[in-house]
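Dropping a structure here in structure tokens format, bear with me for questions.
Chain lettering (A, B and C) follows the sequence in which the chains are written, and residue indices restart at 1 in each chain.
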Amino acid sequence: MTVVIQETGNALLSVRQVAKSFTMHLRDGVILPVVNDVNFELFAGECVVLGGPSGVGKSSILRMVYGNYAIDSGEILIRDRTSGEARDLGAGDPRLVLDLRRDCIGYVSQFLRAVPRVSALDIVAEPLVSRGVDRAVAAEKAAGLLNRLHLPEALFDLPPATFSGGEKQRVNIARGFITDHPILLLDEPTASLDAANRDVVISMIQEKLDAGTAILGIFHDQPVRDAVATRTIDVSAFSARKAA
Amino acid sequence: MTLPEYNFAYLDEQTKRMIRRAILKGIAIPGYQVPFASREMPMPYGWGTGGVQVTAAILGPDDVLKVIDQGADDTTNAVSIRAFFAKTANVATTTKTADATVIQTRHRIPEAPLSAGQVIVYQVPIPEPLRFLEPRETETRVMHGLEEYGLIHVKLYEDIAQHGHIATTYAYPVKVEDRYVMDPSPIPKFDNPKMNGSPALQLFGAGREKRIYALPPFTHVVSLDFEDHPFQVQKFKQPCALCNATGVYLDEVVTDDRGGRMYVCSDTDHCETRRQDGHHGTGLPIAGQETVKEDAA
Amino acid sequence: MTSPILSVRDLERRYGDFIGCTDISFDVWPGEVVAIVGESGSGKTTLLNCISGRLERSSGSIQYHMRDGRFPDLADLSEAERRFLMRTDWGFVHQNPADGLRMRVSAGANVGERLMAIGDRHYGEIRDTATEWLGRVEIAGDRIDDKPVAFSGGMRQRLQIARNLVTRPRLIFMDEPTGGLDVSVQARVLDLLRGLVSDLGLAVVIVTHDLAVARLLSQRMIVMKNGRIVETGLTDRVLDDPHHPYTQLLVASILES
């Protein structure tokens, strides 16, 4: 168990000198560098947008911060909401990552990974249930979010496997927004949404920011970016491929 | 010219000592199945080879032997075993329960209570009560050793699930001195309570399976059951048709080919003794007329 | 934060000169699902059998956190204690349900057996509990007196799960629990397992060669090859960013659907 106590100021997330590459063992060990010397911080109530051209490593950075990708070097310090300590998620201790995911970091991926036979409502409610919230309370909150995102109620009790892309994405967004995680990672949340639902998501993001949530996101959608971004980080600056 | 005689009670002395050691061990650990080097006997398996070996090992010249099969002294099996020991051990034989010192039995315990000093020897086909559900002998031995007896209740559970009550009517499993689960041999469960606290020594011999086990006098023997389905013995709705006895185990006897039947004591000695004492029942049914309306419960 | 429920250190199992598994160290924490993946012959089943007390190890330690707070090596428990553990605090779900069920006794007795083994002697209560557990694994109550031989493969597997869970164990071992089932039936069993594991807070060690099963059920993954652990970590990290050449090969071999 790695508990690192570091000076991180007020930052909820502090990414320090992070490098990431892929070693392709099936391709004769070719090393694919992704990013180098990534440094940035994320504070409460701001929405930082990762910018830069496609393939520059934006999604990879989100995945590293979520613990989904391992890092080669550096630190990813997350402020633990209960103890206030900074904990190094980058060290890769699975149990620490799971704890931080449960309590500190939410993530809305580009695509919903549907679980067979689990209803949309249960998928959305699950993060709350896993934190000990009563099932009925969680379900009510989940229904509220799905209603707000205009998902037809007839779909609530169905598994999303057969939903359209936009419907699945709304389930995914509701699941990511249902908790009050201090840090929220958004990977193109509005990519497959129509204008009306896009506006709902924008207002949901703004509410999160007002409540002090720190958001790190990728938004290719210009109007959304303009509406929510408080700061932009150009990931090209960290690109290892450019340097290599 | 004289033929060489049999050794007393057929078996050689070394074999008898080996069997006695097994018996003593069985008495020391009531309900525990002691392996022994079962011998070939001049009769087929299933005819009481285990019981005969136990009887041979404990018989002395002064003993009086009674042999019953299904409660009767006059069936082939009983008659031949009695004759066997009369010839090989020259012991006195009897059909009177009270007069016998050693009673070898198949499928019954006599109705007349046994007394101190008497020995009853049961013929056992399958000594392992857990075999129905667990065929591996290695496993059942461990289960006995560690007192893991949940399985025996699985069998009783199945009975109730299928029949609404515990339908096992013979070889009904018992727990001995709160330790070993034991197969009482295929006696009717009606006889199970007679095993508990009996002043007689009870020995069990399984020839084919090469096991001996024992209940010393006054051993605590409990028939297994569920709290909400307690152990019950069979009850009969009518007395013995010959001696009018109640509270005894009855056999159904078909008296003709038109449905006539009667219920009589399975213990022939008990029945005869009562009749000599002046008891008598309804007798043979009149042909073609049902005298007994209801079957045994 | 508590402590591991199972702790394995430097475990080795040899078959003569042949290595079944070696140099195995890992912990399992309460409520955690750990998947052991690898191809046939990678030693994953040998490992599972060693840590579940079904196979003797050659060396190393396996400690288990007992309900009474002790943390003994399994080898230091008496056989009686070990067997008691296996039928109360542990469960084992076999790939082939026939290996874990009594095929000739009814579904109700299969579920009730563990209760009777720990001393339950009230037929009505045993039956009520069995009915409840059949319901939890989606077997209709009116099948309670049917024997597993009359059940489909998926139903048998669900019955095996119920039989294991009725004593509220804390640790379950599973050996390819969906391996023998049709794909259409797999999803139902997996979903049921997923729900029960999280509702009951079970710790699970599951052996599978199916990475989709590992992703769906487990939080952590152990990848084995030639009897050794080659990679371990958070399940989604191992699957989305595999590091070891063998893990990369495994992940690359999945058909995308």
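Keep this in mind: contacts are C-beta pairs under 8 Å (C-beta built on N, C-alpha and C of every residue); 3 or more make two chains touch, one makes a residue touch a chain.
As the structure is a prediction and not an experimental result, all values here were calculated from the model.
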* Structure fact -> Sorted by label, the chains bordering both subunit B and subunit C are none
* **Geometric centre: closest chain by C-alpha means** => C
* Structure fact -> Taking each chain's mean CA coordinate, subunit B and subunit C are separated, in whole Å, by 46
* Asked: How many angstrom lie between the CA centroids of subunit A and subunit C, rounded to a whole number?
  -> 32
* Structure fact -> Separation of the C-alpha centres, subunit A versus subunit B, in whole Å, is 77
* **Footprint of subunit B on subunit C - complex, ascending** => 79-80, 83, 87, 102, 105-106, 108-109, 112-118, 121-124, 126-127, 144-145
* To do: Provide the residue numbers of subunit A that touch subunit C in the complex, in ascending order.
  => 1, 22-26, 63, 67-70, 92, 94-95, 97-98, 115-118, 130
* Structure fact -> Residue positions on subunit C within touch of subunit A in the complex are 1, 29, 32, 187-188, 190-191, 194, 198, 216, 219-220, 233-234, 236-237, 240-241, 243-245, 248-249, 252
* Using the touch definition up top, name the residues of subunit B that touch subunit C in the complex. => 133, 142, 146, 148-151, 153-154, 157-158, 160-162, 225-229
